[in-house]
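Submitted below is the structure of interest, expressed as structure tokens.
Labels run A, B, C, D and E following the written order; every chain starts at residue 1.
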């Protein structure tokens, strides 16, 4: 196999160097700097140390996220060709564009439904699977959609949502069920404005429950068993135990998952882009932002949408702050 | 010579990066096409394929590392790139006199901006072909319509016979709606004529103008009339364009005609077992709405431009214009060469030969208006199509929205 | 009604790790049973099996007449104080104690009354709104205890509930628990390492060692008539002194003294045991021990002397005001009314 | 007590309570299995379709293939496997994914440790800002980053894409890990400090071993995201065969007119294998009660 | 060298929650200091401040001459047994104990020797490869203790290290700890609720209440000369009996008896205190108490009687073989050599 021999000679060495070298470099970094910090006066140490630990991460996010973000903000204050400073007019234009307002409505659907149901099913699966002996197979099946690339995702859902006119053989699972079991007319799930946003959100939920489940499951395993025992002895049923003991203790992790999901809901892109490209009133902010940039070639407006998206995250962050101050007090 | 190219003695060597949308079998054909070039010149061609050429190319251009050569989504974008100075003029690169001999002047002109050549066509396609099953036609006693009136009569007959005449499928991912836009532009060209057509794509003819509106209305006569299109609007918007002709081969057939470009034969034969081109599948040109525009054809093609001027890039783009190069793809099927010197005998089957003849013999050839428009405009155009088939009654507001986009997109 | 029966109960963690072995005991309804034994002998495991937190490998546990092997913990109506407390970290002290009552769907007012009562008894009034995290160790233990005593279950299981409390509070709480037992008339099973608790609280004491039940009996019974060497050595502080003896003609001969036995025994060799309080500075007519003092332990109320009599080590309790120095030679009287003799091999009591 | 009564007592299998318990158990299994099956349907559809001919896929529903006459084919798979470059791009994917998983996981663990167990000026704000960066749409960053890459010669290199994925992955990674690190009992840190453990030792010998479930989930997702990434690779690495990852190569199965999409069914399963292996092999780190027995109270 | 000084130390959690108040004590090098006090009085907090786990709100803590307020915990060279154990859950028992030694980079052989030694002392040999979660409560506590005693630090802090062990093991371990103290010659600070431990192990005892240090002194000193009512009542089980008295002409008059005081005091009112062992069934020439018995507590080695003398409640210790029933009227002798008198208001000792 020519691929392999080429790989063995050209890339394998790089990979080996990377897999061995990268951890070594990272290890040397932290060990070396810790060594230096320990040479500092006692009073200085605690102030210097954290920066060594967070330093590399900060550098990375600065280069790859913060600087582009700043340049986006700057661009959002300029006109289409990046030649003139126009103040907030891009923002005004965007916010008065009915198409954008529609995307905001759709993003709200996403925010609420996607977050809620992904979390709900994620918690359910994590908690329920935890109690059956076949936990691993169940979890892997739920997780599997995550492992499917989004290109294949659109193919999968084609098999679910596809439409044939009434009377023709349905090739989509849902319409098959509708016509053969309920004897009602098939629905164009992706195009029909009554359903399509929800149909798209359902795809996202399907794909992301595995995410919520895996993380929550990791947290669930960390809940001390004696607390559950105590609750059982106190006469609590399994549902009460979940509500009163497990869930509160999972709360920090639920917050993490929910925050992540909310942010992903705000910047959702792939599913809509691939399945409807924003047509049929399904457009969402990130797709709109993309279209403004690459189709309309208007980086200014595109940037403005991006900044609006970021501002929308702030309330979530405030909630997080409260949450982990509370957690700090409890430990 | 500064231009380098294959004229220099010995091998040129080096590499050239090429970015284009062709993948799968198209990519294979392209690679086959450049293979002789690589062998002769010793230049290594790094071909890179991307579905999202717009984003990829824009990003690379703005970041300062474009590929030397790239496929350009359409003349519309070509104008933008040329205007921004990102495309390199080719007048000194290509042998312009040979070009003007071998290419129809329209094809050369379409690659120009402000009088300078910025891009070339290496393969073309013909739009407005109505695909049908000759066996069914024969069985039912239908004849191929020559005029728009024939067509409407045939439609009515078919409908009365209990089968929907048309299959129309508009779904195509991010470009959903384009098959419908083909209908509209063909009608604009053959109904209002080439002048209106040209000022329309150039942004000088309003969408709400009577001529354009009339074209939509004419199309609306088909898509808006119940029973003329299989499955109605739901089927149209929800079916992938590639699956659009499949109901023609259901048993019994669910529709009888399918208007689509020259590439469709390949898709139909692959997706429907037992369908062979010529016997089960044939085409006739979409009749012209107004007989004064008879012989009008919308064509399309793949543009190629140079973003970085290197000797290797020059050599390759020059090579791509040659009949030797283009006949390679033609022989592999799925392409029609804009180069007149590619022999008709190179086409692999009778149908494609016929299409090539149509293309060469077109009296009024106009390039795909959607590709000529700026990206924002054509995106709106496609969207209009989707809105229109679902809601033909809202034509006025749909066209008004397009006018609004037209007002900014050309700036 | 709520008697508890362990019937040939075995708990095995792995094939070769059996931590409770053929455990048989019947705890009568309303009885206060104290369970003692060395650390790691299986007390908590026995309790946890009864509570339904640990599967029962073999045998049966019955509450009343009902076999509970397969009854879910929450349906056994048992209150338990966990050795590890197992407080709900996210709930306030109040909520921790209210939780079991809420599970019973008691009215709010009733819950408040009971929790307030328990918190008063346990001195937790000032901490009701705190989270467990902000409590001292002893306060946490009291919350754990509070969570049990607010209830009115069929059986109380208390696993070392007072171990982290100071003597005074422990004394008070002990009394409160006894009151509770009298008031509620429920069955209590109480694990403790505190001899005073064991001796004073229980109707009966069960003594375990290495997963095996050694003896069950009233405190006096156990103290005065230990069934074997282990029980004798385990109960009583300081521990009973053991002296190997040879037996002849009703007399036990140790290395440094000899005593006449009150009863004839068959064996030729044995171990003689007597408690520190049987060796005092009061002269005895029967046996006088000549002790070389190794260690003097003054406890305020008592003075214990550890030393050698012949080649045997013996503990004595003398008047605390008696001045004794290490190295002194003292004469002590042995009170032969409370002598114990154990078989050298089976270690079972012979007297 | 009569023998009969004894028997009744010893056979609780007939009590109503027993029945209720069993039913509760049954309900649990029904819920778990039901949800799992519902979740599997789309994947199953894809899986079945991956063994069908294009003509069948386009004209009948996938479930019809499950009843006779069976008409399965492995052609889709063989076509995908026969694709040029599949081997190279598979190896490229490995090449991209492994370091791009290790680096952010390691750096995130460092940062998360500081954010959860060290006190420093601006900690909370910095942390929140980091979480906020999760919301930055990646499309925005391509041009500035690519410019920078061009100027330092990183574009088109594996190193470049490792770094880029690190930058993009860190906010989530730090957020996730910090949450888990924060939930470890304080007493353990105190205890380790009393034992004379340095910051490093605490990190490597206490924090990491006790956070394996969190680290395992992070690795699973970071790996997966990079494995399935298409855009970032295309932009920074380019789609030329020597460097293209699987996603890019697989996307090339479909031509610009969309024909060949049915091959994606088979490709999806082939490209899922590695992430699933990662998922399965990390399952054993999802251990229950990792902290049990540590702290009393 | 490794003396420990608390110098006006204050610990405040919030503005109105001060848990350690103006704490001053000097623990001498090599001293074994026992710290006792009611649950929640601030003992653990005091220890934790010394260990560097809790910030010091006010004042200074010195180890030797070095002010350690700002020294990191790991640099203070202190070994500590946590009240909550804080075992490393992912490490085996062996590794838990070896961990601090590994931190010191001791050679492997040395580590093994020390861990094996500690595990032998604590009876953990059979559990070295187990994880803490598979241990009983007492076994866990022993691991926590083992992790400290393998070390050779400047100061040992032991926060109720034996509370979950059975009496026998506790006795053995106590002796081992004392041996360790003698061998290592390091400073020990030892928190306990066990009176026996407090009285026998410490060179000195410090008694805290509600965050305030009450008295520091040798065990005898504290037992015989409690500085105030709190100390008198806290030390000794059963607790000292307190009787309100009026003072006149060197005589203290209680409701049911009166005694001549050995010394003249100024006050007119006070509280008379005497320990149970001062009230016995031996007749006394000085004062005879007529008690109506309310509770009889038989401990095997002792018998305590709780009852009324006049209107005061008093505890007596009598011979265990004396048969007494509740409700009996008994005559008891008061030993006036150990009388305590406290001021009615300041509660300070007057005698």
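What we mean here is this: a residue touches a chain if its C-beta (ideal position, glycine included) is under 8 Å from a C-beta of that chain, and two chains touch if they have at least 3 such contacts.
As the structure is a computational prediction, the values presented were derived from the model and not from experiment.
**Q** Between chain C and chain D, which partner chains are common?
**A** A, E
**Q** Leaving out chain B but moving nothing else, do the remaining chains stay as one piece, and if not, how do they split?
**A** Once chain B is set aside, the chains that still touch form a single connected piece.
**Q** Any idea whether A-E or B-D has more C-beta pairs in contact?
**A** Between the two chain pairs, B-D has more contacting C-beta pairs.
**Q** Which whole number of Å gives the spacing of the CA centres of chain B and chain D?
**A** Roughly 41 Å, centre to centre.
**Q** Can you give the whole-Å distance between the Cα centres of chain A and chain B?
**A** 38
**Q** For chain A versus chain C, what separation do you get between their C-alpha means, in angstrom?
**A** Spacing between the chain centres: roughly 57 Å.
**Q** Can you tell me which residues of chain B touch two or more of the remaining chains?
**A** Chain B, residues with two or more chain partners: 55, 173, 240, 250.
**Q** Multi-chain contacts in chain D: which residues touch at least two other chains?
**A** Chain D, residues with two or more chain partners: 58-59, 139, 143, 185, 198, 251, 261, 289-292, 296-297.
**Q** Multi-chain contacts only, two chains or more: what residues does chain C have there?
**A** 72, 83-84, 87, 137, 141
**Q** Which two-chain combinations touch?
**A** A-B, A-C, A-D, A-E, B-D, C-D, C-E, D-E
**Q** Along chain D, where are the residues that touch chain A in the complex?
**A** 24, 28-29, 31-33, 35-36, 39-43, 45-46, 49, 58-63, 85-88, 91-92, 94-95, 98-99, 102-104, 106-108, 110-111, 113-115, 118-121, 123-124, 126, 128, 130-137, 139-141, 143-145, 148, 158, 162-164, 166-168, 170-172, 174-176, 179-180, 182-183, 185-186, 198-200, 213-214, 216-217, 220-221, 224, 228, 230, 247, 250-251, 261-262, 264-265, 267-268, 271-272, 275-276, 279-280, 283, 286-292
**Q** Provide the residue numbers of chain E that touch chain D in the complex, in ascending order.
**A** 48, 51-53, 72-74, 77-80, 82-90, 99-100, 103-104, 131-135, 137, 140, 147, 151
**Q** Provide the residue numbers of chain E that touch chain A in the complex, in ascending order.
**A** For chain E paired with chain A, touching residues are 70-72, 75.
**Q** Tell me, which parts of chain A touch chain E in their complex?
**A** For chain A paired with chain E, touching residues are 42-43, 45-46.
**Q** For a test of understanding, state which residues of chain D touch chain B in their complex under the given definition.
**A** Going by the criterion above, the answer is residues 53-55, 58-59, 139, 142-143, 146-147, 149-150, 155, 234-235, 238-240, 244, 251-261.
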